[in-house]
Every structure is written in structure tokens, then in C-alpha cells.
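Next come two complexes built around chain A: one with chain B, the other with chain C.
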Partner chain A sequence: MDETVAEYIRRTVLKIPRDEIKTMLQKWGFLSEMQLQTVNFHQLKENISQDVVQLCEENSADIKQAAVLDIIYNHIYPNKRMWSVYQMNKTGEEIEFFDFTDFKKKFKRRLRSALKNVTINFREYEDNAIWIRIAWGTPYTKPNQYKTSYVVYHSQTPYVFLSASVLRSNLPLLCQALVVASNYHDIREVELRSHSLNSLKDIVFKRYSQNFQTYCPRPLSERKVAPESADVRIIQENRNEKERIQRVNREVFGDGPQPKLEFAQYKLETMFKSDPKMDVMYKKEPFRCLVKFSSPHLLESLKSLAPVGMADAPLSPLLTCIPHKARNYFKIREKKGFFPESFVSP
Partner chain B sequence: VKQEETEQREEKLARLKARVQELRRQRDELRAKVDLQQKGQLGKAGVVSDAAQPSAQAVLEWKIKSVKAMLQVFYLTGISGKLTKQGVCFCISTAYEGTYLDSYYLDLLTKPEVRIHRHSVPTFIPLEQIAKKHLETDIRRFLSVLADHLNAYVGRRHQADQLQEHFSDQIEGTLQRNSLCNLLVFNYNLSSRSKTFPFNARLLYGDLCCSLPTEVTVSCT
Partner chain C sequence: HLATSLPLPSERDHLRPRIDLIAFMIDIKSKYSLKNVEASLAYVDASFFLGKVCFLVTGVGRVNYCSVEMNAIWKLGEVYRSPVLFCELELEGVRVATAQRLLRMLQICAGHVPGVSALSFGSLMRNSADD
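For the complex of A and B:
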């Protein structure tokens, strides 16, 4: 077995939390159950990884199998990577049948025709998600297994989720291969990024809870009801206002959990509005500034702003439109209201 | 002339008297009604009440119940809606052969023209295409076509799920499908006379509004 493969497997195993190593190796399926029995999974991770490498040596693992283990790791821990969203366009109206074998063939052929030194692996999952792992090399060097890009694609949708590697020069090539393989015409980056892959999927696939007005709402028992305070002497002075805030909040954010985003960024190119007598900016040009909201869970914290009294309800539509417009990067210019957003390419 | 004036006064008097009679009659009627209502309330406390006259509360409850039932009927038809401040919100509820499946929502704006504000339709359903064709010209047709697409999609998906669930022992490997569930490929074995034959089936669903395949290829591998 190749030294580099051995080292790669060792480092991949070291990344996995100790309690999860056995399950992940079982998912991998490269080592037999009997072989796994011989490993003591309670020892130090250093030693576990050495044992695993030894077993892989016995089975003569090659880079393709090692890559599969890497995909499995990233599929279970996708939040360790930063994901961006790309959208593809096509003009035709033909019904797409999407054959996975066909897709793989076209993708590999397109990519390899431009760059021979790449490792490409595919893995299909139950929810129609296709994971593609690409390790990049150069025309003169072998693929670097530590410089990988990940692509997640759901068939027959125009959206692609990308966790690009450091080498941005390979991005156009990757995009081209995706477009060709999935029978679309072009692709562009959408201003939506997060560590939480599932939340990005929820936003673009509209799987998050939107509050639609309907005559058959879910039964009240499903909604969280604030407990009545047990002591009758405590009177809610602002009950009406509190209820109004709850109602408005629910209309805007829906009942369910919000998709997980870490930040929203607003690039302002607006004129500074001040008292004309103060004459702060004698140059009449836009005041450029960048406003960035960060949070471990931005949308949940926005949702709780009004109920805890830190902001008025309803919140500014600039904040509440984020899941609906499927973007968390905005460019705000001066005239004609709030959303002349253009797409900023990095 | 004096005679005419007297006659007029007498006529006016007669009219006013008749009016008073009428008003007294109405007052008595209303009084009787109020009495009966009060009796009805007391009746609820245990006294034998006049069963023929339902109380206002009971009438209101009955009205609410029948409206709810009507709304439920609309919901069960598969396409129901509710007027909103800016337009209307439609709910398309899907089902396949007696099993209720997902509901999808469309929030439409009606001014200045009909357009979609928000929705929960999956991205692989060609919503933009259907909207471009029908939304502004014939909204009934738009909803009908969209409901056909959605019902067919959940039907295909349900069948594929059922296949995986109930025949998992006969299928070799995994069932290859896609988001729209319009292409299914799987391998399965058939035994006959103590010999097993491996088969491959490929189901193509050419019509997105149909939950049955248009082309099936079965081959012995």
C-alpha cells in the first residue's frame, strides 16, 4: 500500500471522535467485521489509527477507498466546512430523467479532459443527494489529497452546494463540469454562505417553516404555549403588546426552527443623511460602510429580538427577508427603496 | 276649507294611533322573546327548558361547527385557499390511493398582476414554467396543472418508498432514483426451479403529471 495512502487514512481516522470511529469504519465497509473486532477502540486514538492502517495494509487499500472514508466523514460532519451556494440556469423545457451513471460519466470526462491529475469520487445518499469529492493536482503533480473540494448536488434541481478548496483557480473548471454533467447552460454563485449545509438546503429548497395563512392550521397543542404564571398576584401589564409582538413574530418567522446561518452582511453605498447645517460631508458621494451581523444562530437570535424587548416588532424587512430571498450578502444602494441587490462576485 | 283641515287632522291622528298600536305590538313581541331567552338560560342550569328555542350560544356553536366542516371539505378536495391582505394563499394537499401525503402552499399577490410571492413547492417541480404559461391567463388551469404535477410526484415517490420498504429482501443493492422519482432502476432476483435469475428493471416516467411509468425495460443480466 502506498505510503501517502496510509498516512492519509491515518490522519482521517484521527479526525473522527473516538466514540464514532467504529461506526464510521462499519459504514465504510472496507474492513470486515472480523477485522474490526481485532481493534481495541478504547485505546488512544493514535494507536487506533495505527491499527486501522495496519488492517488497511492487509486489504491493500488504494486512494479511491481512502477517499470514500473521507466522504463519509464529511457527510457526517459537514458543519466543519464552509459551504457556498451556486445556481444553474437552463432555457430548455425538456423533461429531465437524470441518470446518475450518465452524470458521473459526463462529469469525470469533462474534468479529466482539462486536468488529468484529479481524484474524483461519488457517493449517493438516500435523500437524492450526490456527494462529489475532488482532490486537485496540477498538470505536473499528483492530486493533493489534502486539498479537496466537495460538491453536493440534488438531482433535477438548479442548486449546487460547494465547499471549495484553497485553489480558486480550479473553480471555473469545476463549475463547467457540473453544468455539462447536469445538462444546464450556466452557473453563478448565489450570495448565500454558511457552515450549516442542511440549513442552506432548507433555505433554497424551501423546507424551512414558512407561515402560510390557511384555514386548517396545525392544532394548537403543537405550538409552544407560554406557561401561565402560577401566582395570581402577578399581572401582565403589557399583555396586549406582548401578544401583538408574538403574533407579528410568528407571521414573519413561522413556527418551526430557523435555518442556521452565522452572519448577514450588508454593504451600504448610501448617502449620509445629516442636518444640512452640520455639513459633515461636503463631498456628495455615498458613504461606504459594511454592516455585519454575526451569531452562532443568526435567524433564531433575530426571532428573539422583539420578544425580549431589544427591538420593535415588526423587524426591518432587510433582516427578515434573508431566508425568503435566499441570501445573506446584500448590497444596498441609494435610490428606489431597499432591494436593488446585485450579485457580487467575490 | 275649514272642513278639509279638520279632515286632514283626523286622518293624521288615525295614522299616528295605528303607528302606536304597531309599536306596542312589536314591543310585546320582543319582550316575549327576551323572556324566552332568559328561560332558556335558566333551563341550562337544570330547570326544564323550552327545547324548541335554542339559545344564542348553541346557535353560534352550531354555525362555527358547520363552517369548520365546510372548510375541511374544501381542504379534502385537494385545493383550498384563504384570502390574505395582499391576495390569496392556496394550499394544495396531495394524496395517493387513499393515503394522505404532503401539503404545499402558494402565497399569491393579486395587484398589480397575479404573481407568486412565496411558496413551499420543491425546486424540482417546474413551477416557473407552469406559472409562465397559465398564472396570469387562467388561474384555475394553473392550480389544476400544478396540483397534477404535485400529486403525480408524491404518488411516484410513495410507490418508490413502498417498494423499498416492502420488497427490500428481493432487491439487490440499492434502488436508484432521482429527486422527481421519474427514473427508477433496480436489480432483483427471481427464482424458478431452484435456479435464481438476476433481472434489471428500468422504469421511466415520461409524463410528469402521471404516476405510472411510460416506458419499462426489463432485462436479464
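For the complex of A and C:
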């Protein structure tokens, strides 16, 4: 077995939490159940990985099998990578039956015609998700297994989720191969990025709980705000306001859990508005500024801002539109007209 | 009675007893809370500022998250001639001690402590703060 393959397998096993190693190796299926019985999974991880490499040596593992283990690891722990979203467009209404073998063939052929040194692996999952792992090399060097890109393509949708983590120079090639293989016309990047792959899918496939316009304008009497304390000696003067905030929040965010995003970025190219006497900007140029909101769970924290009293309800639509518009990167320019700011999609 | 801002909603006027002490809570981590308090102060009758108002600044345990400047708070206490108390609500000991202080102040403001009026107590607190 190639030394680089052995090292790669060893490092991949080391990444897995100790309690999960056995299950993941079983999912991998490369080592037999009998072989797995011989490994002590309670010893130090360094020793476990050495034992596993030894067994792989017996089975003469090659890079293709090692890559499958890597895919399995990334499928179970996708949140270690940063994912971006791409959308493909098709001219015309032809609904073609998706042929996985054809897709694989076209993809490999297109990619290899431009760059011979790539390792490509595919794995299909039950939810129609196709995972593609690509290890990139250069025209003169073998593929670097540690410089990988991951593509998750849901064949029934025009959406592709990409985790590049490599030089941007390979990106156009990858996009081209995807478009050709899936019989689409072109592809564009959606301004949406996050570590949580499932949340990105929730936003783009509209799987999160959305607000619906309530037909009844008055709040339903069953939905009373839970009293903050059972002590009757504490009297809330602003109960009506608190209930209004809860209602508005529910209308905007819905009842269920929010998709998990880590940040929202707003690039402002608006005019600086100040007291004319202050004379700060003598040039009539837009004031360029970047505003970034970060949080372990941005949408949940936005949802709790008004109820904890840190902001007025309803929140600015610039913040609340994030899941509906499926984007967390915005560019705001001056609008010539009534309102001082507007959305401009790049 | 807890309120998020002043003025108080008028629909509850008939249910409200006499107000003896107003404690304005400012979260040192939130500029919004300071703005809210400043706006609400405009709705307080002048007679309250004779010892029946105090400022309670919370969140002082987390120094890294201070968003409101101390100067602004001292100035507030000066301008409105009212004491400023500091506490950290997350620590039970401090919370209980602060509650006891406020309760004592309330007793004085409500006239339950003979010989001590709200005004005299207020000036007492102010003099000791200047030291």
C-alpha cells in the first residue's frame, strides 16, 4: 500500500471522535467485521489509527477507498467546513430524467480534460444528495488529498452546495463541470454562506417554519404570554406591549427553530448623512462601510432581541429578510427616490 | 410594578397605588437601555427627584462587555440629583444585597421609617458618594 495512502487514512481516523470510529469504519465497509473485532477501540486514538492502517495494509487499500472514508467523515461532520450555495439555470422547460451514471461520466470527463491530476469520488445518499469529493493537483503534481473540495448536489433541484477550501482558481473549472454534467445552462453563486450545511439546505429548500399572514388580526386568546414569574406581587405594566412584541416576533420568525447562520454582512455604499454645519464629507461620494453581524446562531439571537428588550419590534427588514431572500451578504446603495436605502442584488 | 419605559400605560391608572420609589435600571452592556431611561426621565414629575428616584446599573460584573460609559452614568446621577447603585444580577449574593438596599430605600421613601425622610436620606447618600 502506498505510504501516502496509509498516512492519509491514519490522519482521517484521528479526526474521528473515538466513540464514533467503529461505526464509521463499519459504514465504510472496507474492513470486514472480523477484522474490526481485532481492534481495541478503547485504547488511545493514535494506537487505534495505527491498527486500522495495519488492517488496510492487509486489504491493500488504495486512494479511492481512502477517499470514501473521507466522504463519510465529512457527511457526518459537515459543519467543520464552510459551505457556499450555487444555483444553476436552465433555458427551456425540458425536464430530463436524471441519470447518475451519465452525470458521473460527464463530470469526470470534463474535469479531467482540463486537469489530469484530480481524484474524484462520488457517493449517493437517500435524500437524493450526491456528494462529490475532488482532490486537486496541478499539471505537474499528483493530487493533494488534503486540498479537497466537496460538492453536494441535490439532483432534483438546481442547487449545489460547495465547500471549496482551496485556491479559487479551480472554482470556474468545477462550476463548468457541474453545469455540463447536469445538463444546465449556467451557474451563479448565491450570496449565502454558513458552516451549517443543513441550515443552508433548510433556507434554500424552504424547509424552515415560515411566518404566515394571520387572518385574525387580534391575538388568539389561547396564546397568552407565559407570566415571567408566578408571584402575583409583581405587576407588569407593559403586558400589552410584551404581547405585541411576541406576536410580531412570531409573525416574522415563525414558531419553529431558525436555520443556523453565523453571520450577515452588509456592504454600505450610501451617502454619509450629517448636520450640514459639521461639514465632514466635502466630497459628495458614497461613504463605504462594512457592517457584519456575527453570532453562534444569528437568526435565533435576532429573534430574541425584541423579547429581551434590546431592540424595538418589528426589527429592520434588512435583518428579517435573510431566510426569505436566502442570502446573508447584502450590498446597500442609495436609492434615488423616496427611501434613503434599498436592496440591490449584485 | 415593572415597566419597560415611561409613561406608564394610562389604562391601568385606576389600578395603580401611590408610587414611592422609581428605580431606573440601566444595563451597562446596552446603550439602548441608557437611551430608554433618558427618554423615560422626561415623564417623571419633578417632585420625585427629591429622593424618590434612584438609578440601578446592572451587568457590572462583565467588564469586557461594557457599552455604556461611566461618565454618562455619573452625569445622569448628578443632573437628576439621585443616587446610583451598581449591581450584578447574575450573582445571587449581590442580587439579594441590592434588593435589601432598595427595600430599605423604599421603606424610607414610603415614610415607614420615623425621623428619616426621602429627601434627607437622598442628601445623605449624595454626601457620602462625594467623599
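The rule is short, and it goes like this: the second predicted complex is superposed on the first by the 319 of 346 C-alpha atoms of A that agree within 3 Å, B and C clash if a C-alpha of one lies under 4 Å from a C-alpha of the other, contacts with A are read in each partner's own complex, and residues count from 1 in each chain.
Assume a residue touches a chain if its C-beta (ideal position, glycine included) is under 8 Å from a C-beta of that chain, and two chains touch if they have at least 3 such contacts.
Keep in mind the model is a prediction, meaning the values are calculated, not measured.
Engineer: Record, for the superposition on chain A, whether partners chain B and chain C clash or fit.
Structural biologist: Fit.
Engineer: Using centres of C-alpha atoms, tell me the angle at chain A that chain B and chain C span after the overlay, to the nearest 10°.
Structural biologist: Superposed on A, the angle at chain A reads 80 degrees.
Engineer: State whether A:324 touches chain B only (first), chain C only (second), both chains, or neither.
Structural biologist: So A:324 only meets chain B here.
Engineer: Which of the two partners, first being chain B and second being chain C, lies in contact with A:204: first, second, both, or neither?
Structural biologist: In the superposition, A:204 touches chain B alone.
Engineer: Using the touch definition from the top, say if A:17 reaches chain B (first), chain C (second), both or neither.
Structural biologist: neither
Engineer: In the superposed model, which partner reaches more residues of chain A, chain B or chain C?
Structural biologist: B
Engineer: Considering only the touch criterion stated at the top, classify A:156 as touching first (chain B), second (chain C), both, or neither.
Structural biologist: A:156 sits against chain B, while chain C stays out of touch.
Engineer: In the overlaid three-chain picture, find the nearest pair of C-alpha atoms across chain B and chain C and give that distance in Å.
Structural biologist: It comes out at 28 Å between the closest C-alpha atoms.
Engineer: What residues on chain A touch chain C, complex-wise?
Structural biologist: My answer: residues 234-238, 240-242, 309-311.
Engineer: Inside the complex, what are the residues of chain A that reach chain B?
Structural biologist: My answer: residues 93, 95-100, 124, 128, 154-159, 204-207, 210, 212-216, 324.
Engineer: Can you check the complex and tell me which residues of chain C touch chain A?
Structural biologist: These residues of chain C touch chain A: 1-5, 8-9, 12, 30, 32-33.
Engineer: Help me check something: in the complex, which residues belonging to chain B touch chain A?
Structural biologist: Residues 71-72, 74-75, 80, 82, 84, 89, 91, 105, 107, 118-124, 126, 129, 174, 176-180, 182-183, 204, 206, 208 of chain B touch chain A in their complex.
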